[in-house]
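Next come two complexes built around chain A: one with chain B, the other with chain C.
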Partner chain A sequence: MKWLRMLGLYFERVFEYRLRSFIWLLLPLTNNMTLILFWNGAGMNTSAVSSYYILMTIGGLLTTSHVEFEVSEIDIKQGQLVNYLTKPISYYWVNFFSEIPYRVLQAVYASILIGALLIFFPNALKLSLNPLHIPLVIFIFVLGYLLSFTFKLSLAYLSFWFKDIHGLMELVTIIIIIFSGGVMPLPWYPKILQTISNFLPFAYSGYYAITALQGIVPLFGLFSIVLIQCVWLGVLLFINKILWKNGIKEFTAVGQ
Partner chain B sequence: MSTLSVSHLTKHYRIYKKEAGLMGSINSFFKRTYETSKAVDDISFTIEQGELIGFIGPNGAGKTTTLKCLSGLIYPTSGEIKVLGYTPFDRNYDFLRSISLVMGQKSQLWWDLPPMESYLLYKEMYDISDSHFKSSLEELVELLELKEVLHVQVRKLSLGQRMKCELVAQLLHSPKILFLDEPTIGLDIVMQQKIRSFVREYNRKFNATILLTSHYMDDVKELCKRVIIINHGKLLYDGALSDIVSKHTQLKRISIVFEKEIAKSDLDKVGVVISHDGINSVVEVSKDKAPEMTSYLLSHFPVEDLTVEEPQIEEIISTIFSSEKV
Partner chain C sequence: MELKNLRQLANNMRRYIRIYKAIIKINIALILTYRANFLNHIFSTFVWGVFNFIWITLLTSKAKYVFGWRGDELVVITLGYIIITGVYYSLFAHNFEDFSRIIDRGEFDTVLLKPIDPQFQISMLRISYASFIRTILGTGVLIWWISSHHYAIGFFQVVSFIILIGVGVIMMYAVWFIFITTLIWYPNLSNMVDLLYTINGFARYPVEMLKSTGTTPLLLFIPLSLIVATPVKVLLQKNAWGDIFLLFFIGAILFTFSRVFWKFALKSYTSAS
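== the complex of A and B ==
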C-alpha cells in the first residue's frame, strides 16, 4: 500500500512538471532523427533504418533510467538522502517508484508515436510481432528497465567516494550508447565490438527489447533474452548492494 | 537499561586542504593534503526515557554530528551507541519507527505538494492505523493551528507554517525518541514560543525522550532541566542546568542609577566596578556580600534605582565555550 501511495505522489509530481517528460521525449527523438538523416544521406535503405531508430527511440524511452543525476548530485552530495535514511523504507525501491511515472508517461507518448507512424507512414515502422508473444515482450521491457535502473543507481553510488562523477557519467553514457546499438544495429559493428557487447549488460536493456518488439526473435530466443537479463540483473543487484552497504558508511550528510 | 547510551563516540572526517591561489591549486593537483577533523571526540552519556535534554555548543561543536550518529544517518568512526536497544546505523525498521529527526533548516515534506499528501504517505510508511492517524493528525493540527494550510503546497507556506507542518509529519507515528535540531531557527518570537510549548506538551503527554539542539538559549532555559555542553567535539558538561548556573553565579551584579554624579573611586570599596559614567554604574560583588553592599549603597549614596542581578545564562555558556571548562 505504501508503494501505491508513493507511486501516486510521484505521479502527482510528474503532472506538476508537465513539460519535463515531453522534453525527455524530444531529446532521444531528435538525436535519432539526426541518425536517420545521416544514413539516408549515405544511401542506406530508409525504411529499415528509420524503423530501427524509431524503435530505438521508443526502447530508450521505456527502458533507460535517468536516476543517476538526482541520486548523485541531490541525494548524496547535497545530503537529501537524509530524508530517506531516517524512514522505514528501502532507498532502492523509492528510486524505482520515482521513475515509474516518467516511464508510464513515455509509454503513452511512445504509443501515440507508434500509432501515428503506422497510420501516416506505414513504411517507416516494421512490426511483425506475434500477439501471443506480447506478455513476454512486455516482461523483457520491464527487465530491461530494471537493468538500466540498477546499473545507473550503482553508478550514482560512486558519489559516496568521489566528489564529482559527472564526467564519468557522461563517459558511461557514451559507452552505453555504443554497446547497446545506439549508433547502429549491433550486427553492423565490427566483430570485436559485437563480442564485447555480448559480455556487457547494456544491449540487454533496450536493444534486445526492441528486437523482441520487432517480432524478429523466435519464442526460444525471447526466453534466452529473459534468462540473460535475469543473470545480469542478479549481478548488478549484488554490486548495487555492496556499493550501498559500503558507500553509506562514507555518507556525511554535509550541510544537513 | 537506559533509553539511549553513548559510549566513547568518535566521528572523524578526512578533510582536503588547499592553499589559496593558483599555485595552491597546481600543487594540490599533484599532491593532495588531507587533515583529520575530529567532529566528535570521545563523548559518552546516557539518557533515560522521558528526559528532555538540551544539547548545546557553538557552531561546529559537534552537536548535529552527534544527532546524526544517534539517528543512524552517519557511521561513527568508533564508539558504541544504543538507542532503545538498537544500533542506530543498522537502521532497523522498528528502530526507525520509534524515532524522529526534525531539522529546522531542512524540509522533509514534498515541496510541490500539500502537507496532507506527505502525511498520507507517512501513514503508509510507518504502518499507522486509520484511527491512530486520524486522532494523531487532529490533535497535532489543533495544537499547532494548522487546519488552514493542510491543503496548500509546501513551497507556498511561510517558514513558521512549514516548520509546524514538519513537526506534524515527524510526530504522526508518535515516536518515543525525538531528535530536534534547531527547531526554532529563523522563526519569530511568537512562533518560537508556540514550538516550545508544543515540545514541552509532547514530552509530557507521551513521556517521549527529546534531545534538542538550539542556538537560542531561551529554548534550553524553558524546556530542559538537563544540558549536555560540547565544544570542539568534546563533552564539557553533562548535568542540571540549574547546577551550572549556580556554580557560575558566585558573583552578583549591582546596577545603580544615582541621583547625582558619583566618583568612581567612591565605588571601589563596594566591589569591582564593571562600568561607570557618573550616574549609571554596574558593580560586581561576591554573592554572600551582596546584601551587605546593597544596604551600604542605599545608606551612603543618593540612589534613585538599584537592581541586583545574576549573570545571564547566555554569558555563562559563552564563558564555558571560550574557557573550554565548566
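== the complex of A and C ==
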C-alpha cells in the first residue's frame, strides 16, 4: 500500500511538468528522425529503417532509466540522501517507483505521436509479432528497464567515492549509445563491435526488446534473451548491493 | 549629432571589450580554482568529439553516397561540426544552461538591475575553455583527413572556411537565443537547452537532407544545417554560392529577430520567482 501511495505522489509530480516531459520525448525522436532521413538519402529500404528507428525511440523511452543524475548530484552530493536513510523504505525501490511515472507519461506521448505518424505514413512501421509471444515480449521490456535502472543506479553510487563523475557518465552514455544499436542496427556494425556488444549488457536493455517487438526473433530466441537478461540483472544487482553497502559508509550529512 | 552618436557607440564598444577582457580573466581564475572540474570537462568534451567521429564513421561504413556527398566528405562535415560546436559551446552554450535557473529562481532581477546589457550578461559571462578542446581535436583530425584524402585545397578556401564558420557561430547563437528567450514565459522548461543540443545535430548532415523532405516543420531547421555544410562546401570546392547567400541572409535576419524578440520578451518578465 505504501508503494502505491508513493507511486501516486510521483505521478502527481510528473504530471505537473507535462511540457517538460514532452521535451524529453523530443530528444530521441529528433535524433532518430535525422537518422531515418540520412538512410533515406543513402537509398536504404525506407520502411525497414524507419521501423527500426521508430521502435528504438519507443524502446529507449520505455527501457532507458535516467535515475543517475538525481541520485548522484542531488541525493549523494547535495546530501538529500539523508531523507531516505531515516525512513523504513528501500532506497532502490524508492528510485524505481519514482521513475515509473516518467516512463508511463513518455509512453503515452510516444503512442500519440507514433499513432499520428502511422495515419500519414502507414508503411512506416512493420510488426510481425505473434500474438502468443506478447506476454514474453512485455517481460523482456520489463527486464530491459530493470537492467538499465540497476546499471544507472550503480553508476550513480560511484559519487560516494568521487567528487565529480560527470565525465564518466558522459563516457558511459556514449558507450551505451554505440553498443545498444543507437547509431544503426547491430548487424550493420563491423564484426568486432558486434562481438563486443554481445559481451555487454546494454543491447539487452532496449535493442533486443525492440527486435522482440518487431517479431523477428523466434520463440527460442526470446527465451534466450530473457535468460541473458536475468543473468545480467543478477550480476548488476550484486554489484549494486556491494556499491551501496560500501558507499553508504562514505556518506556524511551535517546539520544543526 | 551623428559624430556624437558614433563617438558614443565607440565608447560603448570599448567599454564592453573591457568588460569581456575582465570576464576572460575571471573564467581563467575559475579554472585554476576548480582544476578537477576543468579536467573532468576536458575529458567529457573530448569523448563527445571522438563520439561524433565514430558516429559518422559507422554510418559511412554502410552508406557510401548520401544526398550527393561521398562518405569521406560526410566525415568532413562532421569534423566541421566538431570545430564549430567547440567554438560555440566554449563561448555561449554554457551561459544558456544557466538561464532557466536564473529565471526560475527570480535571479534575473539582479541581471536587469546592472548597468550592462542583459543579453550580453546572459550570453557571455561564462567561458568554457574546456570546450575548446573539441575545436582543437576537430581541426587536428580535419588536417589529417584532408592530407590523407589529397583534397586540393588552397589559401582562399581555408580563409573562406574560417570566415563562414564565424558566420555559422553567429547564426547558431541566434537560433539558440530565440529558443532560450521563450523561457521568460515558460521558466519550468529547464530542459530546453538539452533540446537545443539535440537539434544542433541537424548541422552534422548535408543541407540537402532537410531540403529533400519538403516538410515545413523540418524545413525550419535548414538554417542549422547550413551552418556547417556551407563552409565545408566551400572548403571542398563544391558549388555553394546559393548556400553562402542563404547563410548570410538568414543569419542576419535571425540575429536581428533574436534581439527584437528578446526586447519584446523582457516586457513580459514579471520579476516573480
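Following the convention adopted for this analysis, the second predicted complex is superposed on the first by the 251 of 256 C-alpha atoms of A that agree within 3 Å, B and C clash if a C-alpha of one lies under 4 Å from a C-alpha of the other, contacts with A are read in each partner's own complex, and residues count from 1 in each chain.
FYI, a residue touches a chain if its C-beta (ideal position, glycine included) is under 8 Å from a C-beta of that chain, and two chains touch if they have at least 3 such contacts.
Just so we're clear, the structure is a prediction, and the values are computed from it rather than from any experiment.
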| item | value |
| --- | --- |
| Combined model on chain A where chain B meets chain C, clash or fit | fit |
| Touching partner for A:44 - first (chain B), second (chain C), both, neither | second |
| Contact breadth on chain A, by residue count: chain C or chain B | C |
| Which of chain B and chain C A:23 touches, first, second, both or neither | second |
| Gap in Å between nearest CA atoms once chain C and chain B share a frame through chain A | 5 |
| Chain A residues contacted in one complex by chain B, in the other by chain C | none |
| List of chain B residues in touch with chain A within their complex | 13, 68, 71-75, 91, 93-94, 96-97, 99-101, 103, 105-106, 108, 110, 112-113, 117-118, 120-121, 123-126 |
| Footprint of chain A on chain C - complex, ascending | 36-37, 40-41, 43-44, 47-48, 51, 54-55, 58-59, 61-67, 186, 188-192, 194-195, 198-199, 201-202, 204-206, 208-210, 212-213, 218 |
| Interfacial residue positions of chain A with respect to chain B in the complex | 1-2, 4-6, 9, 12-13, 16, 82-83, 85-89, 248-253, 256 |
| Chain C-facing residues of chain A, complex | 17, 19-20, 23-24, 26-27, 30-31, 34, 37-44, 163-164, 166-167, 170-171, 174, 177-178, 183-184, 188-190, 193 |
